[in-house]
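We just call them A, B, C and D in the order they show up, numbering each chain from 1.
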Amino acid sequence: MLAHHSFTTTAELKGEHHMVPEVSRRQFMERFGITIGALGAGASSLLLPGTAQAQTPAPGPKPKGNIPDKPYKTGHMTFFTGPAAVLGEPSYKGHMLAAEEINAQGGLLGKRKIETLKADEAAGTDANVKELRRMKLSENIDCFTGVISSGNTPALGPVAEELKVLTLFDDGCTDFLFEKAVPNPHYVFRVTNIQSADGIMAALAASTAWPKITKIAHIHPDYSYGRNAFDHFNIAMKKLSGNIEVVSEAWPKLGTTEFTAHITKTISAKPDLLFCSVWGGDYVALYKQALKYDLYKKMKVATTLAFGVAPHALGKDHPEGIVAGVHANYHFLYPAGNKWPLNAQFVKKYYERWKEYPNFEAEGAYTSLYMLKMPVENANHLVGGWPEDDAIIAMLEGLMYESPAGYVYIRPDNHQGYKDAITGFAMQSKDYPFPIHDPKRVITVPIRSITAPPGYAKGEPTTTYKWIDETWPRVS
Amino acid sequence: MDTLLSQILNSLFYASILFLIACGLSLVYGVMRIVNMAHGNLYAFGAYVAAWTVGLVAGRLPDVNPVVLFVLLLAGALAAGAAGAVLEPTLLRPLYKRAEEYQLLMTFGLLLVLEDVMRLLWGPHPLTASVVSDALPSVSLLGLTYPGYNLFVIVIGGVAALALWAFVYRTRFGVMLRATSQDMRMASALGINVKRVYVQAFTIGCLMAGLGGAVVMPISGAVLGMGVDALVLAFVVVVIGGLGSLEGALVGALIVGFVRTLGIMYFAEVELAVLYLIAAIVLFVRPAGLFARA
Amino acid sequence: MTTVLLETRRLVKAFGANRAVDAVDFTVQAGELLALIGSNGAGKTTLVNLISGLLQADAGTIVFEGRDVTRQSIHERIEAGIARSFQLVNLFDQLTVADNVALTIFARQGKTPHLWTVAARDTVVADEAAQVLRQFGLASKAGMPAAGLSQGERKLLDVAVAYALKPKLLFLDEPTSGVSTREKAPIMDVVTSVVRQEHITAVVIEHDMDIVFRYSDRIVAMHQGAILAQGSPDEIRRNEQVTTTLIGSPPPA
Amino acid sequence: MTPAIRPRLLSRLEVGGGLLVAVALLAVPLVAAPFQTITVCYGLVFAIAALGFNLLLGYTGLLSFGHSAYFGVGAYVTAELVKYLGWTSMEAYVVAGIVASALVAALFGIVCVRYTRIFFGILTLALSQVLWSLALKLFWVTGGSDGLRVPTPTLLFGTLAPTKDKMDFLAYHYYYYVLVLFAAAVAVMWLIVHSPFGKALQAIRDNETRAEFVGVQVRKYRWIAFVVSGAFTGLAGTLWVPLNGLTTPDILYWQFSGRIVFFVVLGGFRTFWGPIVGALAYNYLETYAVGFTVYWQLVLGLVLVLLVLTLPQGLAGAVEALSRRLRGAPAVA
């Protein structure tokens, strides 16, 4: 068990294996590989549309063998209606951008044009399951992508396995998917970071920026995402700050846009920090109302998804200095500029195509399609002709891909994508009509530091939770 | 102390929005015996139209007097009222001779249609127009910071309640309305133009819903799905207060407003369930609601 | 020697300030065909509603065959043998004429809770229903939905449904209201002949004095919630109080 | 012994049509693609729920807007049996689903049947919402919004285990399993509505007061109908879970009740067969509306609006009226 983590403390050297080791805060940060602002500093101006050097991605190696020119059908399911459409629309746009680019080069392996069937995730789990079956059995899709809700991937994952349809989920990031719903995936992959990273990143950012906080207030949507954020934030904080105290909790229903009573309750508890995982239109309403109560003057604030919506959905009135989460995945200004040209190119192309900036859903959907393209090319290189699904899957397992958000690694054992997690601090900039991450204070953490490693014994509520509890040292 | 005052104001604020939604639902039921399931979406429609109108004007004329923006909120109410004036004669009137199930189903169909029409017109992103709420600065009293706009909404809720009461109990039209609600045939025999009373009642009901949407929009935004949520809340209010009763809508809104705040303050874990539980308890004890008239 | 089948003692029902039935002592003798008369609002229908259980009395008692039924449910009173028809026709419109009657027979036999038998296959009930319909002259309409009958036929079916309960006491609330004058006598002929044939005690609420005098054994006249007079048709015909209050003109010779 | 008093139990049209449909349903897995078979299978499951629902709407005259509750109970009970007891037998699920949904319906029914019309509808809706919020809240029991997984069960008392290819299993073995239960449900419901009890319900629907005055204990019978209706809908919920593989609070939300109402009205609630036709038709309509446009709500809403305006008798009602006109028989009011 101890072999899975990298801490070696005096206590452990003495053989006291059952004690939770203690380290200093600086040791902790160093060993976690947490970086603050290192790559993003001063790069924002490079990112205005038109300044980055956009390149067409180089076509892959010349395809081997005989490739049919029959279109490659993908089914992309995301929210087109309902409150979550604010995340669904960017997801669809990211997908379409990638499809258009690939098709401009003749399609996959230069022959197979990508054709997209779209489906509304808001139709409900029952209808979504039926729709996936219809797409595969009746429309013969070759690949299934999208899905935002963490209630839907556990429903659709097993169905995709049954249908033997190659699936790349862009989101729906619940730990539950690969821990319980599809414990031994073959056809199903997920590209974005796992949900538990959200709460942990917020805890790391908050305790790094404000080491003295002890009293915490919570506002979370009352469903599994909110609870996941609550649990992982708390367990991480317990290790990072020792004596934290939860002074207030509020659990508004998902879809609530009236938070006045939650805000008053939070203020009256006089916390040092508010941790909040409200997202989408709910979050927009929450921050606007909280401003009017001077909440931001009275406490620090950390969020998991403040910048989760498309950037332009937030206003110039958004408060500065708060931890503005991006689902631990991606913000369009990071990695910035020429430090990571892939992102600059992506942002520019996305902006030119859709006249707006991408969010993490857009990047996730865009990357998913490219993460299909690459294994197809690799497999073709090995065996020639159009590769079987199993060949593509073999190439996907263990794939390391350079995405706009950095390196993404697909772990072969659970098919989950891992990349360095990211969060940042909100600031208003004269360059954008909406708030962005303060480029000097972007926080990244190698994902291995905040998620349970392969083979770690499963636990409740998640394996990562148990892993943190058992193996993280406590900051003294 | 400041927390208490603040929470009382919050409860009143929430109650006044609830009242604006629920009174229309109750009025329409009282007069026409129709439970309008599309009511929540007319509330959402009011919010969208108000946000769109304010956004349009504030975008073109950045220095416009804030009073103008407040007046523009009325566009939401008027648009929802106009929608009601069109929908009643065209889609509901042909159904009065039929079993009441059909009226319910018609409005359920409208709920689905309106949901997508709003997405079609305004897209998936929330529309906000916080210029309106920003125009009223937060007020400081007794060491408490309270949003001025919320106070404005409380006043609007109170004024709406008074105006509606005066309208129903103090005007000639109100007399016709009440006569029709008590006995439609008798009213008709007495020479009241029931057709006209129906379309007017429905229009006023929708207008109130639209007004609710318009005044809540500057702080909550106009979001897809807000209508369905509002409908369920309005149901809870009228179930508690008694379907068809304006007093019931008012008392129900106050009860829900205060109980919800209490729930958030002291029983955060059950916030989601607490409203349904109150509704269920009222239904067990007094199934037709506190101000029942059925 | 007559026996009392039903009597009410100081029966009261008020609607607000209006005492619709005001301390009424009302008696029905076994075997008679009694007519209950009075102007609109005299309290006749309220009295029947109280006795049949549709309304609960504010005060007083109702005694049927020596048993106090004042607080019994409708269902219990039907079991005891009290049945009624309605002034405004009250049928099961979407059921067939035969089923309207058959349902009553099933209820009487305690078979309505049976979920596992096919109603139409119960020959005993079907035969009895057919018999009842023949008695009321409705046999040819048996397969038709009740909604499809003429007004006169509907009035007959309404009585037939109540009759199929085989009650000891049958209240008929204006069995000829709403039909043309020409149809009234034939309906009453059918109804009274069935009632007399089966020895059922019946109370008929009726406005048409011709009919009242022609068909009833005894008449009770009500006025403003109280009993004004009672007696044989001849006695009532001669009772000036009745003729002036209720009929408003001397009776035809 | 007037022959008219003994109407044929099934018209020639019904017998002929029924046989034709039975043959067609039996043949589906043999001739149709697996996807079509599974879609029909969903339709049959919903038809069972519709039959149960229509015992209240069509036969007793009560419009429930909370039948999601019983569907959900059937589904969740199954999932809990998997979670806590590790049961895999479909027969056990079916029994437990029927019993549990009947119990919940019995409890809710006590309150609901005291009211009719719109109050009945709102009461049922409110109670189903209570269950919905509990399913979300008691997440350590129900899985909250993630829901609970239900693996493909074994059939016929454990003798028929799911094959490796789940699609084939669902589109063949499970389809026939559902078909048999569907046939049983149809037979039982047909018997119920043609029984003296069924006649009593129709009498209550047509005329509550008069029903009371022929000795029908209206409230008690309504309650029994409510329980039977809930049990049918619960059975449908239980049969639905293996098809979906997961149960989430979605199916307890009031809009799912709206769906049940929708397909019964689509088929026509004035006839016995209408709800079955409606469930099958709605399932296709929704599947393809969701598949072909993101404006599926608009499509469904317009269909409902047009249906109410132009075809209030539903599909089955319209066909019946048409066939009656062709035969020159008089219309039934």
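The criterion applied here is as follows: a residue touches a chain if its C-beta (ideal position, glycine included) is under 8 Å from a C-beta of that chain, and two chains touch if they have at least 3 such contacts.
The structure displayed is predicted, hence computed values, not measured ones.
Student: Return the chain whose centre of C-alpha atoms lies at maximal distance from the corresponding centre of subunit A.
Tutor: So the chain farthest away from subunit A turns out to be C.
Student: When you take the mean of every protein CA atom shown, which chain's own CA mean is nearest to it?
Tutor: Per-chain C-alpha centroids ranked by distance to the global centroid put D first.
Student: Please work out the Cα centroid separation of subunit A and subunit C, and write it as a whole number of Å.
Tutor: 78
Student: In whole angstrom, what separates the CA-based centres of subunit C and subunit D?
Tutor: Each chain's C-alpha centroid was found; their separation is 42 Å.
Student: Could you give the separation in Å between the centres of subunit A and subunit B, each centre being the mean of its C-alpha atoms?
Tutor: Once rounded, the distance between the two centres reads 38 Å.
Student: Report, in whole Å, the distance between the mean C-alpha point of subunit B and the mean C-alpha point of subunit C.
Tutor: 50
Student: Quick one: which residues in subunit C touch 2 or more of the other chains?
Tutor: none
Student: At least two partner chains per residue is the criterion; list those residues in subunit A.
Tutor: Where subunit A meets two or more other chains at a single residue, that happens at 80-81, 222.
Student: At least two other chains touched by the same residue of subunit B: list those residues.
Tutor: 115-116, 119, 269, 272
Student: Among all the chains shown, which pairs meet the touch rule set out at the top?
Tutor: Listed by label, chains in contact pair as A-B, A-D, B-D, C-D.
Student: Per the contact definition, I'd like the list of subunit B residues that touch subunit A in the complex.
Tutor: Spelled out, the residues of subunit B in touch with subunit A are 2-3, 6-7, 10-11, 13-14, 17, 115-116, 119, 123-126, 128, 130, 133-134, 138, 145-147, 149-150, 216, 219-221, 223-226, 229, 260-261, 264-265, 268-269, 271-272.
Student: Which subunit D residues qualify as touching subunit C in the complex?
Tutor: The contact residues of subunit D facing subunit C are 1-2, 4-7, 9, 191-192, 194-200, 202-203, 205-207, 209-217, 221, 224, 228, 330, 332-333.
Student: Taking the complex as given, what residues does subunit A use to touch subunit D?
Tutor: Those residues of subunit A that touch subunit D are 80-81, 117-120, 123-127, 129-131, 133-139, 150-151, 154-155, 158-159, 162-163, 174, 176, 180-181, 222-225, 227, 254.
Student: State the interface residues of subunit A toward subunit B in the complex, per the touch definition above.
Tutor: Touching subunit B from subunit A are residues 79-83, 85-86, 88-89, 222, 248-253, 255-258, 260-262, 264-265, 267-268, 280-281, 284-285, 288-289, 292-294, 309-310, 313, 315, 317.
Student: Flag every residue of subunit D that touches subunit B in the complex, lowest number first.
Tutor: 57, 63, 65, 111, 114-115, 117-119, 121-123, 125-127, 129-130, 132-134, 136-137, 254-255, 258, 261-262, 265, 295, 297-298, 300-305, 307-309, 312
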